[in-house]
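Next up: some structures, all given as structure tokens.
Both of the next two complexes hold chain A, though its partner changes from chain B to chain C.
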Partner chain A sequence: MRSITNIFSLSKIIFIYWKRNKIFYGFIIAGILFIALSVISTLLGPRIKERILIDMGFASIELIGWISIIFIGAVTIIKNIDNKSIYFYLSKPLSRNELLLGTYLGLCYVLVSLYLLFCFIYFIFLFIVGVKVTSEILLVFFYLFLKLSVILTVGFFFSSYSTSMIASILLTFSSIIIGYLTHGIDYYIRLAEPPLILRFIYKFIQIIFPYMEHYNIIDYLLEVGISNTGLHTLGVTLYTLGYIIFIIGISSRIFSKRDL
Partner chain B sequence: MDKPVLKVKNLKKTYKFVPHYIPALSDVSFDIFPGEVVALLGLNGAGKTTTVKIILNFISADSGETEIFGVDSRFSISRERLSYLPEKISLQEELTPSELFEFLGRVFNYSETETKQKMEYLLEFVKLNGKENLMCGKFSKGMLQRLGLAMALFHNPEFLILDEPLTGLDPLGMRMVEDVIIEKKKEGITMLICSHELDFIERTASKIIILHEGKVLSNFAKKDISVPLKDFFFKVIAE
Partner chain C sequence: MNKNLLLPIFTGILLILLSDIFIKDNIKTYRMGYVSKSYSFLLIDNITISDFFAVLFGFKRAKADYLWLDTLMYCGDPKFIKTGYPHTYKKLLRTVCTDTKFQWAYYYGSALLGWYFNYPRETYYILTMGLKELPDFYHLKLHFGMLMYLFGKEKLNPDVLIKQFEDEISRPDHHPLLNIMLGNFYKQIGRYKEAKLTYEKLLLMRDVEKRFIERARNEIEGINSIAGVKK
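Up next is the complex of A and B:
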């Protein structure tokens, strides 16, 4: 019970910290500009404005989501260690695991609030232009949220052991790219049938890095239709939760041994 | 005999900045008993901050043990009855004292009313009343240090660790910190103070531990030191 109170108290502090941070407002302004740009782009082709608005709007939210979440996830712990504010918390009866989980939970609040804000702005634009928000659009946005949660977790992992903010951001970015590439390697493995040891190494990479192809719902949606996506969505949600728990577990193990 | 508030036994620590290995502590041992005000003295790089960081579990020792109130200091529960005031308090600039006190209230299991009352009392005590909703980024260095002192006293700690408590303070702040230390000493609060201010230590400490190049050179009750502390310190270091 005590641990839960500590975790929630710290998560609130972390959320307030980011909510008041100038960078947070920078991301919001950038998000609004990106989404507005997608609305302006509809002028290019009034006949396909719905398609432009959905594609570009979604891409805008994904892009700003990536940038903001990689940044927030990958720097929070390092920043607190660099400016020594972490000592304030750790000199209290607060374990390192509680500190890590509280910080992660606080960052989840930041992710949810940023994402809801971007979606809200985007849906207002859709409403103004007269595009109906369908269940397909909502599903695509749910998958994007899952994807951003994974990106946040990977960033957080690097933040918990790296000593440089830039290195942490680059490693997060690289891991996500590797996560995208593993799907392509899947295809080559089927084609080339390499030795067992290479397959084993590849499987290991696939477990360690997030499998980003899971979040490519648009192709799947076009293939099977919205009514047949329930099981897939459940599977991907469970994969995301499992992956987050796995990564946070490793982060916690590393962070508990780290000299601060 | 009372059980020690702090037990430090055979601490060893080497910083590994590959390819460099910098020995920081070698076989440091000492105990602090209830009511003692212990000064940890030494030149820069003597190992004072490393010792404090190990006690607070910010870093781990290569070997050795530290116990606070009989509990291994690696467990967070060991920090329930202690407070730490660092040389330079670092708080997130975006937060206000009110939010930080609220956090402390929750961690130390105080009700909202109790937290508010304590916060008002302590902020008035450190002459920061009316500043509870000002972001920490707007505070001067001295004000931050006073805020740190107020927060360090929040849960009536039985053991205070003060690392260079006078550094960066104006005369008013210095006086305030010294008064608090003398008052807490009278109340029987145990303290570990790291400082270079030998005059201040002379006035406040009851026991002197001198660290040099990661080793304890001297561990004496102040009453047993017959010469001025400055002379004693330089004599020990020179030997």
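Up next is the complex of A and C:
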């Protein structure tokens, strides 16, 4: 019980730390500008303004989400070590695992608050332009949230063992790119039907790197529709949960042995 | 080694493997079809690496929107009036290859290419591609008919166009205007028998607007009055 209280207390501290950080406001302003730009671009294509607003809006939220979450996720622990606040936390009755989980939970609060804010601004713009919010759009938002959660987790993982912020950001970004490319390998493996050992290696890569293609459902939802996506959504949610638990588990192991 | 730390790792792997049961292959590979189709865009000369990465990272639709807006900007630029907007086709092709289901790019793009800038062959390619990707989007068929009517005889191979149109008309849910268009084209090239048959097919269709029926009857009467076709 004390452990859970510790985790929640630390998460609040981490959230407050980022809330007071100027970079956080920078991300908010950039997000508003990105979304506003997507609205302005509808003026250039008046006949398809609904499509442009939906596509550009999602792309804007995703892009600013990527930038902010990779940055926040990949630097938090390194920053805590650099400014020595981690030693202050560890001097309290707080284990390393609690510290790690508390920090991650705090970052989740940051992600949720940023994401909800962007969505709120986007919905206001949709309302102003007169675009109806459909269940497909809401589901795309859900998938986008899952995607950003995975990116945050990957960033957090590299932050837990890396000593350099730049290295951590670059490694996170590289992993995400590999995560996107995995789908291409998947596609060609289905076509080529390679031997079992290669399939096993591929499955291993699929577990280690995030399978980002699961979250790129916007095309399907906007072109085919929401029907038949229920079980798929459940599967992707399970995958996301599993991946987050797996990566946090590895981070805990690494962080518990790390020289601070 | 702390055994408690191994528990989340194994739980995570188990959940990842379990999720495979629920994840549907048709949804999982839906976009991959696009990506592999979109590899065809590598054949276009002015393809950039940004197009590829946009498709890869899931910004396919947003990138196609951007390319479409870029095409519109180009077509609205008065400095290309003298040269006849020669890059419109390439720009449009790049747009529809990035998002192969971008119906309005096919629709407005073919109108721009065909009616405004007078590129019938390129319009034909765009419309053929559009009809292949979006067989239910009947607006494209109307454009196809228009293209046939305006350029069919002189600049395009009429038989190829007619075959495309006959295929569309054989679909039970086709638009009646397509019959009128094909009939007019047959008339234009002097094949009155086929023209009459096409109009008669329209009369057999169910739930057709009155104006189309009247139009078809008038056309049949007109053909009947021409010598050689009369019984």
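Everything that follows uses one rule, which is that the second predicted complex is superposed on the first by the 249 of 260 C-alpha atoms of A that agree within 3 Å, B and C clash if a C-alpha of one lies under 4 Å from a C-alpha of the other, contacts with A are read in each partner's own complex, and residues count from 1 in each chain.
We adopt the following convention: contacts are C-beta pairs under 8 Å (C-beta built on N, C-alpha and C of every residue); 3 or more make two chains touch, one makes a residue touch a chain.
Treat the numbers as computed from the prediction; the structure is a model and nothing was measured.
Model built by superposing both complexes on chain A: chain B and chain C fit together without a clash.
Judged by the touch definition given at the top, the superposed model places A:Glu193 against neither chain B nor chain C. Using the contact criterion defined above for the overlaid structures, shared-chain residue A:Asp259 touches chain B, although it does not reach chain C. By the touch criterion stated above, A:Phe88 is placed in contact with chain B alone, chain C being left untouched. Once the two structures are overlaid on chain A, chain A sits at the apex of an angle of 170° toward chain B and chain C, using CA centres and rounding to a multiple of 10. Looking at the superposed arrangement, the partner reaching more residues of chain A, out of chain B and chain C, is C. In the overlay built on the shared chain, the residue A:Ile16 is in contact with chain B alone; chain C does not reach it. Remark: least CA distance from chain B to chain C after fitting both complexes onto chain A is 12 Å. Within the complex formed with chain A, the residues of chain C that make contact are 2, 5-9, 11-24, 26-32, 34-36, 56-62, 64-65, 68-69, 72-73, 101, 104, 108. Residues of chain A that touch chain C in their complex: 41, 44-45, 47-48, 51-52, 55-56, 58-59, 62, 97, 180-181, 183-184, 186-187, 190, 207, 212-220, 222-224, 228-229, 231-232, 234-236, 238-239, 241-250, 252-253, 256.
Looking at the complex, you find that chain B touches chain A at residues 53, 56-60, 75-80, 82-84, 86, 88-92, 94-95, 99-100, 102-104, 106-109, 135, 151. Contact residues of chain A toward chain B in the complex are 2, 5-6, 9-10, 12-13, 16-17, 19-21, 80, 83-85, 87-88, 90-95, 98, 257, 259-260.
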